[in-house]
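The same subunit A turns up in both complexes below, where it pairs with subunit B and then with subunit C.
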Partner chain A sequence: MGDSGTAIDGAVRDWGTLRERYCARMQRGAALAKDKVVAPDDVVALLEAVIEPGDRLCIEGNNQKHADFLAECLAEVSPERVHDLHIIQSNIALAPHLDVFERGIAERLDFCYSGPQGLRLSRLVKEGRLKVGAIHTYLELYGRYFCDLTPNVSFIAADAADHEGNLYTGPNTEDTPAIVEATAFKSGILIAQVNRIVDRVPRVDVPGDWVSFVVEAPRPYYIEPIFTRDPAAITEVQILMAMMVIRGIYEKYGVARLNHGIGFDTAAIELILPTYAADLGLRGKICKYMSVNPCPTLIPAIESGFVEGIHCAGSELGMENYVSERSDVFFTGRDGSMRSNRIFCQIAGHYSDLFIGSTLQIDLEGNSSTATLSRITGFGGAPNFGSESRARRHGSESWLMAGREAHRGNGMPRGRKLVVQIVESFREGLSSTFVERLDAWKLQESFGLPLPPVMVYGDDLTHIVTEEGIANLLLCDGPEEREQAIRGVAGYTEVGMARDPEMVRRLRAKGAVSYPEDLGVDKRLATRDLLAARSIKDLVRWSGGLYDPPARFRNW
Partner chain B sequence: MEHLEFSFDHGSMAPANDFAHAGVVGSGNLEVLLERAELSGRCEAVVDTAIRGYERTWHKVLSDFVTRQGLADVRISINDGGATPAVVCLRLDQAAADLKGAPA
Partner chain C sequence: MKIARHSFLEAGARTRVRGLLDAGTFREFCGPLARRTSPHLPLLDMPVAFDDGVVVGEGLLAGRPVLIAAQEGSFMGGSVGEVHGAKLTGLIERALDVRPDGVILLIDSGGVRLQEANAGLIAMGEIQRAVLAVRAAGIPVIVAIGGRNGCYGGMSIIARSCDWIVISEEGRLSISGPEVIEAVEGVEEFDSRDRALVWRTMGGKHRRLLGEADALVADGMDAFRDAIAGYLGRSRAHDLDSLETEQARLEARVTRFAECRDGVDVWAALGVDAPERVPELEPDAFNRLLGTLEETSR
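Right, the complex of A and B next:
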């Protein structure tokens, strides 16, 4: 008798409304499809047929690949037929993502990260045309897909599909599994844009019976090489900070499993592993397993035997062949290409020994944020990677040592994940990284957010690395010491110059503040000669010609 | 351009070498020359900088440097192309290590 007709207290409730609605949507949509395949010109009509007012809708789009053709089609539907949508997606990056709010098709937004659309997003909020539910972390939003924000309709992007709807995502699987699982198994409509329709896909990443409709987009999905950093732009101050990280943190704690954020600061660390860290005898002791995208600046560390295993949230343009030829290091499919998955990468990083990343502002409690006054950006993966993993139970040298420093024999022995922010005291334009009060507070006010948008909370943070030195917050007793340890590495900013020199001296004596000379770091080595690769071309050479950088990074 | 001059009380360590040089003049960079000089134990500094208005920061950076390195009888000459204090400190310390002849 199916789902319906169960009686509770005499009332008859229909338990299959979602499924019934799915069948009705599919029936309307099937009129425009041949099997599962819809022609590109019919997609706007398809969306008007299957989307219902008030639907929760997710457009796949992340740091890299985007279901951009479907996003453009959604922006073209009639607002009379499709309206009041609640958009629930990780990334707001493309103009059509916000066109749907300008045109009155969507009204609510729950998301993780906005990037280049941040200014326009804040204007739409001010004009009252877009209501922000919350700015989530990735894992948090995916979690809500399986809880109170399950999509009714999702658009995803894949490399190829066959006629039964089996999908091949290629190396950029990223968010696809999370979106697909939540949508397909709660009676949602799943529409995939693919670069090509083929007779047989190289590997099945999404089974065809989970997919409602497939369209071969007029052009390949949009993809961005956001993890590529040109070694030519790495400064000597960044090299100095990288040396301090290796001696003062990686060597000290024996950090074997970690996550690197993106940016030149962490690229500098990666590029001195084969030189500086190798000379210190640290090969096989640090940086063995990483949760990070295949950043080209990792190539020398892989080739020289430092990094043994890497799981990726997504791929990186130009790294496909290199990754494919290093299947002992990367996770790859039977077809030879990489398999990525943002959720698993986030989980691996969350339970590893260390996160290190950069930020724009840090306050005197150690709270940090990349949110600045004029734009809503969000944080992507950093808050999940960059938080203490309180549920962790397995030991490691690093985790146990950090736990001893944090608890110092008081109460139940615990381990501690290392959460590190690496910053120069002044950013470009001589604005200070260290502030008494984060811009996040004003942002909360202007956008009516439930809390100030903080990226990494101060009580999750264990170390701050600047050009001046390292503050080890685990060794600070109380908020006053914590504040002075932060001031003690804040350089010649107002915050740094207002330090209490006597207290900083005491903190230095107990290791809560360390300067290069305390760490055995010789500043004379902080030159670009220390980089294992000094240009993109050097990276290509290290890869034996397997790395194929995008045209914009080729300057030879 | 701005021309600044500073003088600092003497420290303890007379340099091992006659001079040391670090860095290049360029945007966001600077050139530092340290020379042994008879200054009755004092250190003197001249700064030519492309950016005006940072006299207080220069004084603090240089005073900290002389104290940190314990230098005496050293003349410091700087040509600055708008370096951040981070770069200035790095160059000063690199030059000081060479001037002292400390092992690498």
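Right, the complex of A and C next:
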């Protein structure tokens, strides 16, 4: 077998075009490199040499770590030489990510999350300078890297490289393995920006053989402490909701394997584990294994023996020493530093007993979305964690109990993952979290999307927790009961006021609606005195000085 | 691992007063029912508070009679308007009549309420005059600083006119706030978003090391109460000699620390070992460190 064969029409087909193009690109790029190392000043020229018009290109960048120097260089290339790029990256967080559309270098975008660039992104869409393929979840985008959206060229960021191109990614691995494998094993060009070039890397995370070029960036890659929640900002309402979750869900179902979203609501749960949950005798019974980033608010729960294992999608600034000194809990390399990996973390989260997170809008079917009218921000990982995996078939007690509630003896016995939304009935600006119709419908119309951008679909959702109580959708029969259960916990919103009190009473009798008194939750205990840590400084104390918070979180 | 269950930092004015005084002994003057509210704020279409942001009254602390005032930091940043100032002045002057073992001011304020500018400024002068009159009568005025707003502007001048200052490491004491310095002098001079820098230059530990505060305590009702109780009945000299000594100390300080850009530089110049570790020290360890330093500061 060679690189050529005979196609059905008799013409000779070349089966190695990608490889040939790779060799040609490498030859053009090699003129600018010494071995694999390219000087920072030559990077723009390198990109013009190796990128071809119409390429699919991925710039590593997620919530925290960004190949920001390479992103800036791409925004400087000549649009005459590099154009019509199809950008396929998870996060649109930095200005240069959109400068390439503004300058006519790129035209098409598939992404997951846009955060601070959300407003500008929607403007570029309206101006016709950017065509959105789809807003993906991380796993969906990674999946397409290995299907129809394989990158021709990828930029990644790493802590260190040696002269052979072996890379040490440091604690923030996140997207790296997905990007690297899809690119390197389908004749793509892989360019790494590193903080330093060394003789010997502490650990080889990416073999040098897979890497095309390396550049020592003029400054370390940008990193954002996005998972730090200051306990000082946690409210008594959030503490009340956390108490309800612990009694009404974690204790009831014996939830041992779970994933927490990263808001203040879940931080409140983490911070009352060592106090409230410990008093209930739940240590060793709930919250033993988590798939979540190393959020500093987890420190008291880890130190007091609640959480036994955590796999992380990424890292968090300031947590390096703590993670390294808790290798029984976190996944760390022989060198002591954490090895994160978003694919594996999300797969672990996908198959856990429970996901709990927050959202901006929920409709009467339980569909939820964080996409509101003025922004296209995407959803990050929540839809992956918050989808019920019907493929899973193992018998944790939590999974089986939820399955019994969902099926109630009808048909084949089957488990069920718990998917929980924890929200206050009103959010900022006194807008209602509960709506008859999601903004997502209007967004679909105005941006020409194939689907309304729903984060977690109602049929995946099992519970809604508000300051008023818990709606257990597993125990609802039919859409009418489901709607009334949702209204039954929607507080004084218009949706809540329109409840049918008689039906809500019936739902309460069968446990589909529960209020604090039904759950054995004493509302008077819902004060900040219940928090195991009430400030960032307290988290440092719990960590024995191992947690080193960024300056912006300090008040000492 | 021990976390204060009753935080002073997080408490409101009334909770602080209740947390410090002996149970059931507090009697409030001009209480909520009196509805003494600002005459100026309604003219600006702004909401008023039933106590204008300050609680004043009397009670027992460790069994000893005291007058006490607590600013409510959550109402307009504990700012001082006309009514707020009059309540403070009236409380302090009452000490001349009833001769308590101490007047306690729980300060949590950015200073003058800008919406009541001149009335607030006049109030500051009146409060300060009352403090000095009470001190002259031999009654100690004790300040506690441990709220979110710290102690800034005119309230910082008043605080430093009193006998004693008890502060937590979360507390801050300075005339100009971080944002004001940054706005006037530029971000190169002072980056107000660098919170660690703010605390290294205005925070409780720095003020204690410089001799601007007399006791550094952990954030908690018990710690504040114990420290305040230790100053009851103890006046500090306030005469020409003491003022001249203070003036000489401040002049020497200006010279000595003129080149320092950061609290850490000051601590190094003071002879603190491992000055960069000062922010991490718990109050006990910090107070031990103070004991080892020569009495250079006060």
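Here is the rule we go by: the second predicted complex is superposed on the first by the 548 of 556 C-alpha atoms of A that agree within 3 Å, B and C clash if a C-alpha of one lies under 4 Å from a C-alpha of the other, contacts with A are read in each partner's own complex, and residues count from 1 in each chain.
Basically, a residue touches a chain if its C-beta (ideal position, glycine included) is under 8 Å from a C-beta of that chain, and two chains touch if they have at least 3 such contacts.
Keep in mind that this is a model prediction, so the values were computed, not measured.
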Problem set entry | Partner chain(s) touched by A:V540 [first = subunit B, second = subunit C, both, neither] | second
For this session: For A:R528, decide between first (touching subunit B), second (touching subunit C), both and neither.
Result: second
Exercise. With the two structures laid over each other on chain A, which partner does A:D14 touch: subunit B (first), subunit C (second), both, or neither?
Worked result: neither
Exercise. Thinking of the overlay built on chain A, is A:D35 touched by subunit B (first), by subunit C (second), by both, or by neither?
Worked result: neither
Exercise. Just subunit B (first), just subunit C (second), both, or neither: which does A:A551 touch?
Worked result: second
For this session: Pick one for A:G491: touches subunit B only (first), subunit C only (second), both, or neither.
Result: first
For this session: Check the residue A:D477 against both partner chains and state whether it touches subunit B (first), subunit C (second), both, or neither.
Result: neither
Problem set entry | subunit B and subunit C contact sites that coincide on subunit A, given as residue numbers | none
Exercise. Tell me, which parts of subunit B touch subunit A in their complex?
Worked result: 57, 60-61, 84-87, 89-90, 93-94, 97-98, 104
Exercise. Can you list the residues on subunit A that touch subunit C in the complex?
Worked result: 232, 300, 303, 528-529, 531-535, 537-538, 540-542, 545, 551-556
For this session: State the interface residues of subunit A toward subunit B in the complex, per the touch definition above.
Result: 235-237, 240, 424-426, 430, 466-468, 491-492, 497, 516, 522-526
Seminar exercise, completed: In their shared complex, subunit A is touched by residues of subunit C numbered 1, 3-7, 9-10, 169-170, 193-199, 203, 205, 279-280, 282
